[in-house]
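Two complexes come next, and they have one chain in common, subunit A, joined by subunit B in the first and subunit C in the second.
After this line comes the complex of A and B, so read on.
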């Protein structure tokens, strides 16, 4: 129950699709989605594999709760070796695709090999076939999704696809489903493109049963009430979306600005949630049209936005004069503060392009920020940029590069390398604001110390979604800690990492944890699945998943030296705000973190730890 | 008092909790494909619109049925399909001008909203009150109240 107990194995080289039973022993140890797909990847691939080789595999995986009526239970993850990082990659997406996969009777789809020519996978209730994608190759996510529905004469099909960015090898290409929901980070879309796999189209009508219906309805209803009564999930997120954070994080002095040279952005208010709700001068309409929910979500943080029709980016371009996925906080930060651009229309347009062509707005915006620094310091000139005046604050440079990167053309092809490769290419590796090759998200760890440890130890490279200590250090959830101290952060980061690994393995959205703890989540999993799922058992799963990912990365060639931060964060003090004068105190946190993890001083899980967890 | 489902698309976030609740009530599994209420997402204008049977008084489906499998529930006014009598001819699906009666290939019968016997699960499951179950004679009450407030010149003058 709850698990479909069925895996689809697609061999793209041979062109075969086979069903096989889910390994239930592993399901009881790794739950589902992130954890279980990682277990399959670890067992089936060489950690040293080139991410873009046919020998790398890509797994799309739902959690046991995916497709049930638990709030937010529509998630799926794409697990593979990341093209951007060379580390374990696990990118999580909402929308409606995950539910459709589960309703088609699959917990997981494993893609192996590489197709000779472009194909897409079409699934209808436990039956799958590979079809020629020649007509869709070279098309955007938006056109592919519409095209597949039209071809099959079925508007109810759900599609996850790559855009041109994924075809052209942009290192942080995303897998995008339902037009504007994305498995966004680490280049999972790049891996999909390398396999000549354009899209996965699913129609599922089988239904998702749970173990104990009566109890499930009760505990999910109770848990929904917790979310509705919580100030963040009940009011803040539905009204303002994640963008509720823009002004808050700017005020606490942790908004990385202009490639992390500053940590407060003078234009923050112009790109904030409040600005999105304000009627525009030109057309009198606000940027924000409405909020929108993913499958089963009773929070509804998603943004639906428009670009003003007179804005230079959309004039005479009707395809962009529509409502579409609007700015989330991360995208608004990366496209805005990281580049010094405060033109809300330009940011919204660039975000549309990220969805349309399928690439991660965080890595894209951060890489543009790095390129702007290269330009302003004279390392590159208009000769390299193809004539683009790549100055901090230039909306035109940002939107031009969004379009070029989406198509892998001109200087966009270099922006598509990501900041690490780009800055190395021009001899300035220190200007890449990244960890393990992945760009930072929207929190400067000089102002929020725990996030430095979060970034340095994240198994998929710099990421806020592996242990969102902002929740504790700034918002006071579940307990308030001081963002300026390093003491206690090792334990805090470990606790967040383990709990988040559970949520990511369940089918639920991590945003529920503003209101829920594992005390709220355990009964929902337990009512849905056999196995006696207690908080203790889930925490063990979380720790197990984390150690498995770590083990994979060590085997892939990462080591203690990669658990670090750029010199700018460790040596250049914050210039303004409450954290003025501070750097990140990683060296005070990392040894303690290894210790609480049960790892050696070199960051290697001890045999005792691995045995305790059964890894 | 007869009640009817009242839908306010402006409040809908498109979460599909109504479809989950409907399918669970009728099929004992979570399966939006088997829901009697559907939420339509008009992506390019950012509107989410739930839609289901309005329970017509002079119901086309009921009149079209050759085996009298569709009858009126006297308590709720719902037009209810008897699975025992339905022969799956689908004539009702053609007759319904609104498309809210649909064939279910896995049972060989048609399915439509029956108001859950007077306690509709979709309305209870809706987290934003986009779907409510209200006095059938006053489905316009909220809108009237809004306009009453807007046209009350006295309140505006004193504001």
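After this line comes the complex of A and C, so read on.
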């Protein structure tokens, strides 16, 4: 139980939808969601496939706990070969779509092939059909979601869709569900667009049976109390959201600023959680309207915000004079510090556009930052930018480019390439702050050493959510470690990577781990699913998932040379703050990491490791 | 000597009027400790989870003895997280 034991296979080329049983042997080895979908992708596709070819597959996958009453149990992931990176991609989203998918009776939906013309998948409790999406093609995520609900005369349908960015091939297009929750990274929405698949709309009311109902109710209630009593998950995150980190990371000197040229941002205070709560000078209202929670979540870290109605971005544009998905820390950093812009209204507006047209604000903001450096160093001029004065700190340039990128128009089409392709195009590859083609998130690894190893070894390219050592190195959860030393970080990164792989495969949100350990999670999975789920067994699953992803990337053509960081991070010392004079010590951490992983000195899992894990 | 005190998130409520952007510059006696400065603002020590002096972490056991220097910046947060 807890698994629906049912997979929907959608062949877009043939226009068919077929149910098939879930491979339970794999479910017991890979749990669900990230791990299980990766296993299916590995078994069914060639790792060297062009991500935008019909031969690439895209899998939407829930975890066994998705749709249950466990706290935060509404997650789903989109797994495919990433359009931005060419590596394994797994983007995780909250909201309500994952719950609806599971309650419609599906663990997983596998999309293969390519539709001849735009379609959307409509599901109502195990009945699925492909419908013409011609009326929605060219529409935004927001209009598509509203349009599908109106067409079916059912406001309770949950929709995941792509915006125009996904249609136009923006390399970091997202799959957005419930208007502002996104499987955002690595270009999973680009893959969806390449298949002429506009949306997935689901109504599910079947329920999710669990193995031992009485025990499940007891352990999930106990675990919710742990979250409620924890100061982070019970108070800090609901009140301030992830944005509370803006001043923290600036203070410790690890806030990448102006394309990582600086490590502290003088405007951080203007775009922080505290600033979002302050009444604005113009209208006396704060940017933050309220917090918000995804399905089943007892934390509620989400932000709902407005742009001041007199701000240039929204004057005479009522569709943006609304309360909508507000800034999370990563988006605020990328749209703000990475570009040197500290206009909170402009950042909020740009974030609205990212949600509306479906593209990743991290890669977008970071790419704008790289383009600003190209502009300020004279590599590109207004001739290339279409007249945009692309200077660091220009809010107008940022918001203009958000709108152009969302539509794939003008210089926005080039920003839509991502920083790696953009900087290579103009002969300055070293200005792309990325790993495996994916842009860094909001932590400079000169000031937080473990994050350098995290980025270099992340299977989906630079990412904070693969091993969030910031939790230990800065926030002291579960134990405080020194952010400026490299010793012990190989073991720390491996531990975070394996544990996060488990959470990402379960249907739960990784933010629970600020309050929970696997000791809290294992009983919930065990009460829901047969299989004897202990902490030890879960950690083995996590390590297995990590090695499977690594094996896929190696087969796709990645190697040790890709486990690295840009020269700026390895050679240019931080200019200010506590990390002044430091570079990232990756060379001291990587060999040890390979060793603790049971990999060769070339970063290849040994046969012994693969046999031990049954990969 | 003068130090800058920054109190963030829920600790912001302990800042006196006149503080802007969650910070205030104050005059303290030579050798004033981290804990003494918190006491001056009635900040409960147990609420101070993350404490930084000039961006460097000061663990709880050192806060009663940690003497501030002229122009130091003391910053504190309750338990917080993000990502």
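Observations on the model:
Keep in mind that, in the parts below, the second predicted complex is superposed on the first by the 615 of 615 C-alpha atoms of A that agree within 3 Å, B and C clash if a C-alpha of one lies under 4 Å from a C-alpha of the other, contacts with A are read in each partner's own complex, and residues count from 1 in each chain.
As a working rule, contacts are C-beta pairs under 8 Å (C-beta built on N, C-alpha and C of every residue); 3 or more make two chains touch, one makes a residue touch a chain.
These figures come from a predicted structure and were not determined experimentally.
After superposition onto subunit A, partners subunit B and subunit C are found to sit side by side with no clash. Contacts of A:99 after superposition on the shared chain: subunit B is touched, whereas subunit C is not.
By the touch criterion stated above, A:240 is placed in contact with subunit C alone, subunit B being left untouched.
Of the two partner chains placed by the overlay, neither subunit B nor subunit C lies in contact with A:610. In the superposition on chain A, contact of A:269 is made with subunit C only, not with subunit B. In the overlay built on the shared chain, the residue A:293 is in contact with subunit B alone; subunit C does not reach it. In the superposed model, A:511 lies in contact with subunit C only, and not with subunit B. Taking the Cα centre of subunit A as vertex, the centres of subunit B and subunit C in the superposed model span 80°, given to the nearest 10.
Between subunit B and subunit C, the smallest C-alpha to C-alpha distance in the superposed model amounts to 14 Å.
Overlaid on A, the two complexes show subunit B and subunit C touching no common residue of subunit A. Against subunit B, in their complex, subunit A makes its touches with residues 67-69, 96, 99, 103, 156, 179, 204-210, 213, 217, 224, 228, 238, 289-298, 300, 302, 304, 306, 322-324.
Residues 6, 8-10, 12, 21-22, 49-50, 52, 54-57, 59, 73, 75, 77-83 of subunit C are the ones touching subunit A in the complex.
Partner subunit A is touched in their complex by these residues of subunit B: 13-17, 20-21, 23-24, 27-34, 41, 43-48, 106, 125, 127-128. Remark: subunit A residues 230-233, 235-237, 239-245, 247-248, 251-253, 269, 273-274, 328-330, 464-465, 468, 470-471, 474-477, 480, 482, 510-511, 514, 577-578 touch subunit C in the complex.
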